[in-house]
Amino acid sequence: MHDKTITELAAALKAGEFSSVELTEALLRRIEAHNPELNAFITVTREPALQAAREADAARAAGKAGPLTGIPIAHKDIFCTAGVRTSCGSKMLDSFVSPYDATVVEKLKAAGVVMLGKTNMDEFAMGSSNETSYYGPVKNPWKLDAVPGGSSGGSAAAVAARLVPGVTATDTGGSIRQPAAMCGISGLKPTYGRVSRYGMIAFASSLDQGGPMARTAEDLALLLNNMAGFDPRDSTSVEHVVPDYTDGIAESLEGLKIGLPKEFFGEGLDPEVGQVVEAAIKEYEKLGAEVREVSLPNSKLSVPVYYVIAPAEASSNLSRFDGVRYGYRCENPVDLEDLYKRSRGEGFGAEVKRRIMVGTYALSAGYYDAYYLKAQQLRRLIRDDFVRVFEEVDVLMGPTSPTVAFNIGERSDDPLQMYLSDVYTIAVNLAGVPGLSIPAGFAKGLPVGLQVIGNYFSEAKLLNVAHKFQQATDWHLATPEGF
Amino acid sequence: MEWETVIGLEIHVQLATKSKIFSGSSTAYGAAPNTQASAIDLGMPGVLPVLNEDAVRMAVKFGLAIGAKIAPRSVFARKNYFYPDLPKGYQISQYELPVVEHGVLDIDLEDGSTKRIGVTRAHLEEDAGKSLHEDFEGMTGIDLNRAGTPLLEIVSEPDLRSAKEAVAYMKKMHSLVRYLEISDGNMQEGSFRCDANVSVRPKGQKEFGTRAEIKNLNSFRFVERAINYEVERQIDLLESGGTVVQETRLYDAQKNETRSMRTKEEANDYRYFPDPDLLPLDIEPAFIDAVRETLPELPDEKRDRFMKEYELPAYDAGVLTASRELAAFYEHVVQESGRQGKLSANWVMGDLLGALNKAGLDITESPVTPQMLGGMLKRIQDNTISGKIAKDVFEAMWNGEGEADEIIEKRGLKQVTDTGAIEAMIDEVIAANPQQVEQYKAGKDKLMGFFVGQVMKASKGKANPAQVNELLKQKLG
Amino acid sequence: MSLGPAEVKNIAHLARLDIDESLIPDYAKNLSDILAFVEQMNAHATEGVEPMAHPLDMSQRLRPDEVTERDQRELFQRIAPATEAGLYLVPKVIE
């Protein structure tokens, strides 16, 4: 039963083929068997999961089951879960048992899902390979010495290895799409403001967005139905109607206008990855879509712009971790300054400290205009490119990442090289538009993701575009060997 | 050399909202430590701020009251610094774009003139928690109940030229925020506190001198003393060839001195930037209009009206309009007394405020109600009692013996106005004092006072003094 | 922009991060590389472009002034490193 999608599992539960408890136990056994090798989970919540599964089965017996009742999922360890450790992949929060649930967690709980545990991630979501986690790197199920991508590497690996059918994740510069691509699964970053950020530990507030990862677009739609929506607790949450994302998912793509940003196909793109993406686009033409080249001229600046804005916001967001009210506190501080400096110096890893320092510098007196303000101005130009291009086309397509999964350790000493693996995903966060990644084939024996980008609030269209591809191809069904 | 003092004040006013500026925690004062600190106030991971509508409304109300510009768009920024009473490591405040800009406040000077003081800006921000330095085995305790309480920071232009002016400005501002009902103004509880930027310069010089900022002054008296001390310190320093250092100083009320806060730190670099968790605050004209509808009569308007309507001198009108409650009390007394403006003013400002002051009571706690006082004044007016007897009646009312009429009746204090009765008393006095009558008739006019006193004594104070005078003159020829 | 050890130490101090002395040169190099990289931005004119702080053009929503939170001190302080009498404890703060 572990090989079934959420849609299939929901049908099976409904038909009484097995119970949620049986399903939960089966997946917990798989996690026990495979997690030591993959390191996809930081925390497994066995007892609460079984309890939730029993409740789900009871609800079903009472005729009160919804589409997600009894479906096991896992949360990226960036979402606060009441009574369960929420580490954010950091030593700083290794002891942090959240006193409250994130809105996303609360909504999915209300929908009847069963949380199996919390997935591994780059520390505070700062990374593109899941190597910065305090809990150690996650292995890519397709190749155990390769990274799963990041920062939602644990979430992606857990779905790819069939340990769980769906997960929550977050995407600040590509952290849902890039690991989805590298692990051969589907992942959606919604429009900024579509999914509440309340209880999602902030990395860069103006870029962070939660979203689902699963094997199919249909499953993403089911999850998004229960994640999206206005939240009065989040000032940046949007009061915009949430449609049923499964409606219209199978609509024809006849006449769909696809734009291919030429900046996404130039230097730096692995030619084999490029070929896979081109083949996928051919497939869309067969489905009736029209393809044309477009340009996002300012997108080439998205990586430098991002590496000012994200660290600047992060440097401030992470100031609350000071060893006073929760989290890591150093031993025997001699004075207040020592308490701050050592708690933070010992509690944060190298990449987090690096970014805090970059951000602190970018905001400091005398440099603010040259870095932060300049980046915000360029951000507008990058956004305007998207606005303009969506007057011409319905969606944009291109590679999610310039390469397939690289090996663990290969880029960890070179932060800049690492940052470039998000070169195609970052502009989407800066603009705030939605984007998803779906499996499009293989290069060098590893999965390649196709990125589909849409206009603001066009998640339904993106899911429709992804679903039609998955009906016509079976890349999303490929399972890594041994799983 | 002659020196000129230049002062600008930054007043922090806690707004009288029920809940905090960015969370639904109560702002009530005096709760047990950290029982009013929610996940948001504690800066738990993942929490987010949402702005309190009434805090905005109060800021707009204040802006309208000082004739300021209400910014159609203002922005919340983060002021980044580490301190244990600042849970997030940053304070949410308005920096480049405040909600209120360019207002004015007129203050009354001792010589009776008024002076217009510019208000540069007023912005919304969150208060910090409190550090308690009692000894927890060498540790400091942190209470975050106050963290997130809405503050309006009101920044004046450097228009004030003496400690007295600074106090007059602060008192006027204090009165205003209470009139507007946007703050309880309670200074003991820290609802209204002030930082003073003080500098001196040679008289006639255009450029400002280097200023020192004196932090956290929480009483009018301390403001005056701290500024006076600081001015003297700076002048002494400059006259002995030294220079003033730009720094933050703390006022020590016990020693009556200011001293440098030991900042071994680098100059603060707050790294302000727009808070990405909050969106720009857009205030529509309709919102402003709705707030304008709720504006009460302001102190200056009320004072002018009192002068005109009740024919009061400026001084009386100023005292009586210093607080909204006192003004309301006074107007109520006037109404009850049969519209005797000046008499009501004399009694409210004199006996009533004196008694309240002595008892340490607020006008709202007065045991003598406006009805009672007004009722008594009516009896003075219709000659039932004299002003002198009224003092006894007032005292009896204060002591809870009932209303004026009751007391007059019970104690038999009604004025004697029956000419026959007064004449009888006069005859007795004349008969008993032949020597004085001789002297009076011989031209010692001053003795009239003696006769009046004797008659009043005989009447136990109840004879109408005017009548006594009149009749005595007739009898003594 | 190239950062030297003194600047790195100053930034680390502003951010209250204890950085091992031996790692300062590494940080200096990494940070210098990152700053040099982001300075590509300077080649692009942005005069008159309004800075964009949020992806969506929206205004701040206002919350009604209501008390919605209750006392959860016990729950919150269960995860605190040091408390006494309901207070969070820190090394003595000198004013």
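Order as written gives the chain letters A, B and C; numbering starts at 1 within each chain.
Please note the rule applied: contacts are C-beta pairs under 8 Å (C-beta built on N, C-alpha and C of every residue); 3 or more make two chains touch, one makes a residue touch a chain.
On a predicted model such as this, the values are computed, not experimentally measured, just so you know.
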{"item": "Of all other chains, the one whose Cα centre sits farthest from subunit C", "value": "B"}
{"item": "Pair with more cross-chain C-beta pairs in contact, given A-B and A-C", "value": "A-C"}
{"item": "Distance between chain centroids, defined by C-alpha means - subunit B, subunit C (Å)", "value": "41"}
{"item": "Between subunit A and subunit B, centroid-to-centroid distance (C-alpha), Å", "value": "57"}
{"item": "CA centroid of subunit A to CA centroid of subunit C, Å", "value": "23"}
{"item": "For subunit B, residues that touch 2 or more chains besides their own", "value": "39, 42, 44, 50-51, 82, 84, 142, 269, 271, 276, 278-279"}
{"item": "Contacts with 2+ other chains: residues of subunit C", "value": "13-14, 16, 53-54, 58, 60-61, 63, 72, 76, 82, 88, 90-93"}
{"item": "Where subunit A touches two or more other chains, by residue", "value": "96, 99, 206, 232, 235-236, 315, 319, 322, 324-326, 336, 340, 360, 364"}
{"item": "In the complex with subunit C, residue positions of subunit A that touch it", "value": "95-97, 99, 192-193, 206-207, 232, 235-236, 238-239, 298, 301, 303-305, 307-308, 315, 319, 322-327, 329, 333-342, 344-346, 348, 353-354, 356-358, 360-361, 364, 370-371, 373-381, 383, 415-416, 419, 430-433, 456"}
{"item": "Interfacial residue positions of subunit C with respect to subunit A in the complex", "value": "3, 8, 11-20, 27, 30-31, 33-35, 37-42, 44, 46, 49-56, 58, 60-61, 63, 72, 75-76, 78-82, 88, 90-93"}
{"item": "Residues of subunit C that touch subunit B when the two form their complex", "value": "10, 13-14, 16, 53-54, 58-69, 71-73, 76-77, 82, 84-95"}
{"item": "Of all residues in subunit B, those that touch subunit A in their complex", "value": "39, 42-51, 78, 80, 82, 84, 87-90, 142, 269, 271-273, 276-279"}
{"item": "Residue ranges of subunit B in contact with subunit C within the complex", "value": "17-19, 23-26, 32-40, 42, 44, 50-56, 75-76, 82, 84, 131-133, 136, 138-144, 250, 261-262, 266, 269, 271, 274, 276, 278-282"}
